[in-house]
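Both complexes below contain chain A, partnered by chain B and then by chain C.
Up next is the complex of A and B:
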C-alpha cells in the first residue's frame, strides 16, 4: 500500500447526492486520518446516514469523489470498499439474527488467508486491469480447494478454522461479549447487539470505522461505558472513527471534530466548543425563534 | 410384507433423486428469494449432455466405471456453466427489480429450454423421447425370496451417489468459508456486502452448484426411467419444487426430508392406492362414475394434494421456521 504520509484514510471531496428532485447531500466534505475521532450530527433526515451510505458504496455520489487511502471509490461495490478498509455498523441493528454471536463475527473474517491464491493477490488483481472472469475463476478455484480441505479435514484447514475462531473470540472479548459466544444474536439484549455489530465490523480489519448511532437505545451508564470503549478501540486497532450520534453529550464528550448537517448541507464543522455555540446549529436543532432569543440574550450579555 | 419392503426401497431411491433437485431450488431460494423455475430444465439439459457424452464414448466404454464417472462429471460441469450463464444473463440484470420480474423470467427460461430442446435443428435433440444409455448395466443386486424383493445395483449406486453429494453440500454450507458467506448472503445480502462478502460471486457460485447437483440428479433419474425427453425437466422439476416447499423452502435438510417423504408417498400410492380405491369403490359404488382404480394414475394427484395440505396446515413447511412479520 503506497500510503502517502498525511493522506487521509477516508476522504469525501464535495460529495453531492440527489434522488430525483431531492438533494439528500450537498457539497459534503470530510477527512478521516488515522487516530481521528470525528462526529457527524444533525436533526432527523439531515442526511447523516446517506453520508454513511455514500462512504461505504451503498449509494454512488451524483457528483464529487470519495477516496479510501488515495483510491477513488465512486461506483465501486460495497464489498470492494470494505476490503479497502472501511467498515460500519447500522442505525437499526442489522445482525445475522439467526447466527450465534461468534458466527456473526466469523462471517466477517472471510478476509483471512486463502488456500491457493492469496487474498491480497486477488484484491490487487481485482483493483487492476485483469479480466473479471480470471479473478472469478481464481476465487472458484479457492472455494473448490477449500471444500476438499473441509471434506478431508486437512491440518491446514483445521489450523485456519482455529485461527479464525481465535480472532473472533478475541474480538468478542474486546467488546465484552465472550460470555454470549454461542447465543443467537437475536436473543442478546439491545446494548449487546450494538456491541456485537462493532465486533463484526472490526473482524473485516478496517482502517476506518463508521458507527451509526452506536448509543441509540442505551441508558446513561451504558453510554458512558461505550464512550470509553470507542476511545479504546481507536488506540487498540489504530483506527480512524466517524460517529453519527443523536446524543449531543456523547458526541461533544468524545469527538475532537464535529460536522453538522441539516437538509443535506454542512452548516458547521469544527471542534465541540465551536459547534455548540454556532447559531446555525442551535437554529437547526431548536428552531428559529429559540435561536433568535439565544442570539439576543448573547448580544445583550456582551 | 415383502411388498412393503420393495415399496420402501423404491420410494427411498426416488426420494433421494428428488432431494438432489430440490436442493437446487432451496439453495437459490435461500440466497436470492427466487423460485428458479428453470432449475428442472437445467437438469434436463444435463441429462442430454450425459446422453451425448455416453454416445461419444460408445457402448463399450460408457458402462465402465471410468466412462460412467466421465458422463457424470462432464454433464455436471456443463450444467454448472449453464447455471452460471443463466444467472449472469437473465437474473443478475433484474436483481434490483421487483421479484415478480425475475419469477416470470425464470418461467420464460424454463419454456425456452424445454421447448427449444424439442426443435430438431443442429445439436437440439427433437421432441421424441430417447432411450438413455445404460451407463450402469442393471443387474439384480439382492434378491429376497422368489423375486419378492429386488434391489437393483443402480438403486444402490444412485442412493449412494445422492447421499455423498448431499453430505458434500452439507459440509460446504456449514464448514467452509464459502458456505459461511452463502449463509450470510441468505440472511441479508446488503449487509453481507458491507462486511466484505462478494455477493454477486456468492450468488453465481450458488447457481453453479445447484445446477451441477441437478445434472447429477437428472442422470440418476434417467437411469431409473431409462428415457430422456425435453419435457422431463418440467415434471421432475415441479415434483422437486413441491418437495422443497413441503420441507420448508430455503432449508437444506428440510428439502431432503421433504423429497424422501414425497418419494415414499408416491411409491405407496402406486402400490396401495389401487387396492384402497377398489375397496372404497365397492362400498360406494364408484365404478359407475368412471373413477380409475390403478394406483399409478393417482400418483401426481396425491403429490400435489400433499402440497396443498402442507400449504394449508403449515405454510412454512415441515422444517421451516415461522417468521414473525413485524408490524
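Up next is the complex of A and C:
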C-alpha cells in the first residue's frame, strides 16, 4: 500500500459543490485517520448528506479535491471509491428490500469472489495507478471467469460461497441480526434495518465508515446502544468513522472531533467542549432547535 | 434465494455437483426423444414451447433479475436464427470425417451452429448493453425496441439473408432432445447465476442501483454482462427455431414476438425463473389449445379457428390486464415456485379448517 504514515485515509481539501445557484457545500475540509471517530452536525439542509455524497463519489465536487489513502478520487465512480476503502450508510435507508438480510450483506462481500487476479491485488493496483482501463479489463476478465465457475459449481466457487456466507453471518452476529438471517430486509423493524445497513457497509472491508444519521428514528435506549456499538466497531475493524447525527448530546458523547455545517459553510470544528461553547453554533442551533426536534421525520438527500 | 451450497447435494462429491443435473437429464431427454419419435406434431409444439421458455428465462435475467427494461429480445433471437441458419445452409454437405456417421456429424455441426448463433447474438447483446450504461427505464426500453427493429430491417435488406423472403431449406436438424437440453441448460444457468455472487450483484442493481454502486458493485459492467448472457441464450433459441421450422423470415422476429416474451415474464412474475417457465409454457400452449378447440367447434373447418387466432394478441392483452389487476406482481412475484407454493398450500389448508 502506498500509504505514507500520517497520511489521512480520507481527506477533503476545500471541497465545494454547487447545484445551480445553490451552494450546498463551501470550502469543506476534513481528515479521517485510522481510529478517528468524528462527527458532522448541522441543521436541516446544512449540506451534511451532500458532503457524504461528494466523499463517496455520488457527486463530483465543483472545486476542491478528495483523497482516499492519498489517491485523488474526483470523478471516480462510487464503486471504485468503495473499493479504495470507503463505505457508507444512507440517511433514508437503501437496503435491497426484497433480498434477505444475509443476501444484503453477501452482495457487499465482493472481495472474496475473485479468481483470476485476486481482488486485493486489483485494489492495490487501483490505488497505485490512474490507468483504470487496465484494471477495469482485469475486473471484466475476472467476472467472465467467475460466471463459468458459478455455472460449473467448481469446488473453488463452492468454497468461496461458503466463506462469503460465513463472513456475512459473522457480520450479522456483530450487529445483533443473526436471528433475522433469512428474513427479507423490508420486513425488519426500523432500528434493525439501520443496523443491517451498517453490516452491509462493513462487508466491503472499509477503512473508513461514513454513517448518515444511523440513529434516526430510534428511541433513546436504542440510540445509546448504537453509540456503544459504533465505538466497538471502530476497535474491532480498526476503522476511521464519520457520523452525521442530529442529536447533539449523542454526538458530543462519542465523537472526539466535530465539524459543524450551516448553509454549506463550516462554522466550527474541534473538540466537543470547544464546539458546544462556540457562539456561532449556539446561534445556528438555537435558531433551529425546533426544527432539529422534528429532524427524525425528515429524509432528504441520497 | 437459496444458496448454492444447499444441503440437498451434500452426499455428492464436490466435482460432481456441477455436471450432475446435466448428466441426470441426458437419459430422461433420450427417453423423451424415443417416446415422441412417432409424434411429429407433438415434437413441433414441444419445440415451440421450449424455444419460448429459453427466450423467457433469458429475458428474465435482464428484466427480472437486473431490473432493466429490454423489449427487443426478438432481435437477439433473429441474430441467432439467421447466423445459425446461414451457417447450416452453407455447410449442409460438410461431413466431419472423425464422426462415426453422417447423422452424428450433422448433430455436431448443429451444435456449432447454435453456439455460433448464440455467440454473435451475445456480441450484439454487448453492443446494446452499452447504452444501458447511460439510459434508464423508458429510454432503455426505446433503445432495445429500436435495436430489435433495426435488426429486422437490416436482415430484410440483405441479399445474403434472403431479404423479405428469408432463408429456406435450412436442414431440419433439431430434435426434442436438443431443444429440451438447451431449455435445461438455460434454466440451470439462470438459477446458478442467480445464486452466485454475480447474480446477487444483478439483484442488488434491481433493488437499488445507488446502494449497489456504493457497496462496490460496478453496476454499469454488470448490466452489460446481463445483456450478454441473456442475448446468448436468445441467439441459441433462434438457432433452434431455425432448425426445426426450416424456414425463417423477418416476419418471425417482429416487435410482436418481443412483446410476447415480455408478456410471459411479466405474467410469470419479473425476477422469477420458474414463473417465466410456467407462463411461457401456458401462453404458448394457449393459442394452440384455442386453435384446436375452435377447429372442433367449427366441425373440422379451420376458418373459425383462424379468426380466433387473429385476435390472439387482444386475448393476450386482456389476460394480462386481468392478471395485473388481480396479481400485479405476476404469478410468483420475484420468488420461485418453491418459495411461494408452500405458502399457498398452507393457506388453503388453514382455510379449510
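Basically, the second predicted complex is superposed on the first by the 264 of 302 C-alpha atoms of A that agree within 3 Å, B and C clash if a C-alpha of one lies under 4 Å from a C-alpha of the other, contacts with A are read in each partner's own complex, and residues count from 1 in each chain.
Throughout what follows, a contact is a pair of C-beta atoms (placed from the backbone, for glycine too) under 8 Å apart; a residue touches a chain by one contact, two chains touch by 3 or more.
This one's a predicted model, so the numbers in the text were calculated from it and none came from an experiment.
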| item | value |
| --- | --- |
| Joint occupancy of chain A by chain B and chain C, clash or fit | clash |
| Chain B versus chain C as contact partner of A:158, first or second or both or neither | second |
| First, second, both or neither for A:194, with chain B first and chain C second | neither |
| Touching partner for A:223 - first (chain B), second (chain C), both, neither | neither |
| Most chain A residues touched (candidates chain B, chain C) | C |
| Touching partner for A:56 - first (chain B), second (chain C), both, neither | both |
| Partner chain in contact with A:100 - chain B first, chain C second, else both or neither | second |
| Set intersection of chain A contacts, chain C complex versus chain B complex | 56, 58, 77-79, 82-83, 87-88, 90, 94, 96-99, 103, 106-108, 110, 136, 139-140, 143, 146-147, 150-151, 200-201, 203-204 |
| Complex interface listing, chain A residues touching chain C | 56, 58, 77-79, 82-83, 87-88, 90, 94-100, 103, 106-110, 113, 136, 139-140, 143-144, 146-147, 150-155, 157-158, 160-162, 164-165, 200-201, 203-204, 302 |
| In the complex, chain A residues that touch chain B | 56, 58, 77-79, 82-83, 87-88, 90, 94, 96-99, 103, 106-108, 110-112, 136, 139-140, 143, 146-147, 149-151, 200-201, 203-204 |
| Footprint of chain A on chain B - complex, ascending | 168, 171-172, 175-178, 180-181, 183-184, 187-188, 190-201, 204-205, 208, 321 |
| Residues of chain C that touch chain A when the two form their complex | 1, 3-5, 14-15, 17-19, 188-189, 192-193, 196-201, 203-204, 207-208, 210-219, 221-222, 225, 229, 334 |
